[in-house]
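You will see subunit A twice below: alongside subunit B first, and alongside subunit C after that.
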Partner chain A sequence: MRFWRFTRSFFLAEIREFEVVFWSIVFPLLLYVFLSAVLGGNGKAGGMSFNLGVVRNSTSAVGTMAISKTLDAVTGSEGPFVATPFASLEEALEQMKSGKQDVVAELGGELIPSSQSFPVRLHSISGKESSQVATNILELVFDKANLEVARLSDHGFKGIVIDTQAVAGSASSRSVDYKDYLFPSVALMMMLSVALLNSPLSLGFYRSSGTNRKIFTTPLRPLEFFAAHLVKLLITMLISLTLLYAMAWFIYGVRDGIFGLGFFLTLLLGMLSLISIGLVIAAIASKESSVMVIGQICYQIMMFMGGFFFPVMDLPWSVKWLVYLVPTTYLVELLRRGMGIQTMEMATIWLVTVPLAWMLISAGVFSLNFRKVMGHA
Partner chain B sequence: MPNTILTAANLKKYYAGTKAVDDVSIELMEGEILAILGPNGAGKTTTLEMLEGLRQPDSGTIGFFEENWGPSQVQVKERIGVQLQSSSFFRYLNVRETLELFRGLYANQVPVKELIAVMSLEEKEKTLVKNLSGGQLQRLALAVALVNDPRLIFLDEPTTGLDPQARRSHWETVLDLRKRGKTIILTTHYMEEAEYLADRIIIMDHGKIVASGTLDELISSIGAQNYISFRIPGMSELPAQLSGLQGIEHGEGDGFCLQTDDVTKDLASLFELAQAQDFKLDDIRVRRPDLDDVFLRITGHTLRD
Partner chain C sequence: MRRSPFISLVVASFRESMRNKGEIFFILFFPLLFVFIFGNLQRDNDNYRKTWLGFCQSAGADVADVISQSGAWELKRYDTPAAIRAAIQKGDIRLGLSYDGNRARYFYKEGDLATQSKLRLARLSITAALERHSNQVRPLLTISRHQTSAGKMKASGLDYTLAGIISIGILSVGLMSVVTMFGRYRKSGVLNQLRMAPLKPVSFVMGITLSRMVLSVFSLLIILGCSLLFLRASFEVDWLLLFITLISSTLGMMALGLLLVLIFRNPETANTTAAILMFGMHFLAGIFFPTAMLPDYMKAISTLLPLKYVATLVRHSLGIELIAPHLFILLSSCLALGGILMLWLAGRKLLGAEARI
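Let's turn to the complex of A and B:
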């Protein structure tokens, strides 16, 4: 009872601070709105392009030139498609199901036997927004090409016949909307702010101002004080995440996977591992100004090198080692996989192990410095 | 015969090889106010923090209420109240919430309304701690030290930084606490505070206790009953004609001081000499020796040095 009463007051004292509310809750939400508005308009993560898998079935000369010209036009430097040739349809479809291709164009073959038309079958993923958009664009492009063919009347060639076929996608091939892509990033940003900035700063402030010492003249034990601090952090994180969920659900329609058990467990792993790292910052920095500097550096590195806003696996090795070092890389990928989005090739076990290792090592370092951090001689 | 409420024996504390507290022993009787007086860096706060349980002595023992200070800390903490030298509370809690918070940490709880009334904080009940003045903060700090109705209260430099009016008001509150049966141990570097409040005084310098006793005992220990201080305008050295007076000393500038056991006789002698030698005496004062004189006599420097 004593503990909960103290925790309640402790939390109240902190949540009334403008800085805490702004950086832990308001700022990440604003960033979510801002980035979604700026980068989320095309419904596609990473820019205005679609991946087009191309499978050529026959060597039929009829219409080949028209098809080639059309594909060149849409896959050139100005075109919205990035074409990847595949030897077999099965391979192309597999890639599409895993989310690496948005649409597969199967060109030629015996689709329409004994015809002077060139057959094209467009394979899309059912329910995947980017796949549908890409298919629609290609249909329009080929229709336009047919008008041109009709005008030139190329040796009896009657035109391109388009056939579309939707296939069911796997979990990882679902529509990658930037708002979905951002959701785990913003969730982790909120946690980072609380864990790496608020937590060590408040511990440092209470230590330097003597609030801890006053508390320790009462029957409350240092361990209880620390536990109250942890609970306070978790409550702050839960409030900010609840607001994020509400915004994502009601405004952006983010639905997939965010209420799954795995997703929640990953959030919990994120909270605990990031809080542990924040406690190490509190242990190594004796002044509030040092806490601020170290906390900010860690925050920025974990945010940008963690792949929160853009893909990081193509970065040069001079900075890529940071990508592999920071726990947020693994946490954000784990959260995205929970939503059916996969952005990097890595076994799930590693995505769990690395943050867990960070958590255990940090907790160990902190426990060795517990008395120092608490300001208790 | 009052009970002994606290016994500290041979306390020592080192910081980076320097002795902060050197063989300090204290015995505190129930119902008294004990002041630890000394200049900054004398070891007062370190001594008090060891007694409060905030610092572990390097050697020595502390006993409270017939219990050892250590394994049963919680039981002891339930019965003491502490006002630290610089108490910092949660800035975004108001006065009432702060008192509620600390009160909730103890088994024995004084009603918040009563604490607010005792410390005259009614008008500031809803004010956030960050918006309180220095005097109001000190009153809150003292109120927080009383939330558990403690038998023993520690006050570490309770009036440092307060204006004279607020300091006087704080003194009255402390005296009122003694009337209510509380035992109080305080540190201060204001000799007036120790003189006004304390039943007994311990004087510390360089980590050691250099004198202790009641005010009268300390003053009588230096042998002087009174001082006659005066100025001889334009005279910066003790005139040879006055050097025959026993106990005369040269002060600052043209000031002189005559230590005396018989004010009437020595004052008459001084006037006679001045008239005979044609000295002009100015700013003549007779005063009792104070703690500064005691401190000066024992340590060779004043409390303010």
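Let's turn to the complex of A and C:
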């Protein structure tokens, strides 16, 4: 009974801290909303908008018609481009260099003798992502326009029939949405925040402030204190995950596999392995500032190198060894496989073994330093 | 000879920062972590590699060259569609194409987000190339791409990313260090003691500012050094402009930090608000994503963020993307003046006669 009373007070003291609520619960949800809004379009142009500078050189009626129809298709209400006409190329390029245009299309002009075609020159800024993306889209559009002209003018035009077949899919056989891809990442982010930052900071604070010493003069034993700390962490994680589930289910329509037994067991494995790593941080860092530094480094590396937001298996080996080292790579892949998504060529046994190994080794290291962490030495 | 109070304050403030592990980490090494992660990621993106595409053709003239020349694909031949499926299942390839002269059947590894976007590209570009070839289409429009530079040299994606991280470093020094430092002083009662000391508010704020500037220079040199030496960034640095950018941007970011200190009396609240602002700016200021990819309401928010303008100044100073001289002067002046104004106000509010004890 005293254990649960103590756990309750412990939990309430923690949850009343604005930083704990914000970083463990609110921030991952905000990130989910933001990244889904920006990257959740599934490659569709909807939502993206590029500034297109248009320079028309005088050309034949046929060329003008083809170009105009193509431009109308991409600059209308549904198109991703906002077109601005320019009288000269120099003016348009100056505007592009100053950032007002993402791409400049120089359309029409003298017929190219060798191919008897009209030139379309697409000017972009080297290295600038928005300019390169806009140019890629425009190139595909004009390429397609060529085929459309040929299809309309040649009655014998033979189109190619396209179909697609998924391989090694799940029974649901559906395409992957970025919101589904992101769901396990956000779940793990919530756990990382609690395990790598809240937990060691809390343990460090109670030790350095002498609170532990005072508590251990009462009948409460260090093991009970520690157990209450663990339960507090698990409750915080469960609250965060419940809110995430509610958002994913009701707002984003994330469905497949997230209520499966395997998925829940993986979440539990994630909680335990990440909490263990946080306990090691508490064991090796004596001051709160050191805890913050080590915790932040681990948090950032596990988040970015773990494949949370973008595929990481094609990274160069200068950083790829980190991908294989961090347990979050395996945890997020295991969760995604529970949803029918696969991003790594790795047997499932390894996806379970590596986080388990992290958990056991970390628990071992912490148990050797238990008395020091509890301030009960 | 006794040091002036001002110099003593600068030295004390600097030493105090250097002893604070958390502050040093966030100011000096946190941006380095981003350089390491995003620098390597962007370097990989810039070194373009073709995607493997499993291919088999059962009828018609061989179109392997047509597909290869469409640009993005490295072909791996298989005898039958079943062999392609088996290779995808095994993980040897993620995308395949079977062509019989009339039908193009694409095979793809299901459940892989990266493969889905490649599949969309394949369906568009390869099918177009095959239709052009089979109908002997003479294109009406010949498309050519021309890359130009917005700065002194042809920048790469890596250069843009690293410039963004330098801006984040300046933000970190200006905003976070001011908020944490003043928060610390308020909580420990140092501000009250300083009020009673024979110290002019202007000396105090100038001393703090100078120590932040020194840290800002260290941060910039470390990030710049790592970018040039290890990641082979191709900056053409105008040191004078970079120095002006550093001073004005640090002042501007300090202004933001001081605003939070004045609004929020509770240091933890000011700290959390600063961290929220910092993360918000990371994502919305066009550092990691082009603003063109943002929804309209986020684009509107991004125009209000000072980090966006700091990044503009940094890119200009590194020769990546030049802006008009009057715009450089305007942006630098606004950031600097904003900083000086807030420093004066903070000095009066925190240490002046009207400061509450």
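Everything that follows uses one rule, which is that the second predicted complex is superposed on the first by the 246 of 377 C-alpha atoms of A that agree within 3 Å, B and C clash if a C-alpha of one lies under 4 Å from a C-alpha of the other, contacts with A are read in each partner's own complex, and residues count from 1 in each chain.
The criterion applied here is as follows: a contact is a pair of C-beta atoms (placed from the backbone, for glycine too) under 8 Å apart; a residue touches a chain by one contact, two chains touch by 3 or more.
Keep in mind that what you see is a predicted model, and the values were worked out from it rather than measured.
Applying the stated contact rule after C-alpha superposition, one finds that A:87 touches neither subunit B nor subunit C. The wider contact with subunit A, measured as residues touched, comes from C rather than the other of subunit B and subunit C.
In the superposed model, A:347 makes contact with neither subunit B nor subunit C.
Contacts of A:2 after superposition: subunit B is touched, whereas subunit C is not reached. When the two structures are aligned on the shared chain, A:217 is found in touch with subunit B, with no touch to subunit C. Looking at the shared chain after the overlay, A:261 reaches neither subunit B nor subunit C. Subunit A uses residues 17 to touch subunit B in one structure and subunit C in the other. Those residues of subunit A that touch subunit C in the complex are listed here as 17-19, 22, 27, 34, 37-39, 42-43, 47-51, 62-63, 66-67, 70, 93, 96-99, 102, 112, 115-130, 132-135, 139-140, 142-147, 149-150, 154, 157-170, 173, 175-176, 178, 181, 287, 289-290, 292-293, 296-297, 300-301, 304-305, 310-311, 314-316, 318-319, 336, 340-343, 345.
Chain contact summary for the complex, subunit C toward subunit A: residues 20-22, 25-26, 30, 33, 36-37, 40-41, 43-44, 49, 85, 88-89, 91, 102-114, 116-117, 119-120, 123-125, 127-128, 130-132, 134-135, 137-150, 154-160, 268-269, 271-272, 276, 279, 283, 289-296, 298-299, 320-324. Within the complex formed with subunit A, the subunit B residues making contact are 52-56, 74, 77-78, 80, 82, 84, 86-93, 97, 100-102, 104-107, 144.
Remark: subunit A residues 2, 5-6, 9-10, 12-14, 16-17, 206, 209-211, 213-221, 376-377 touch subunit B in the complex.
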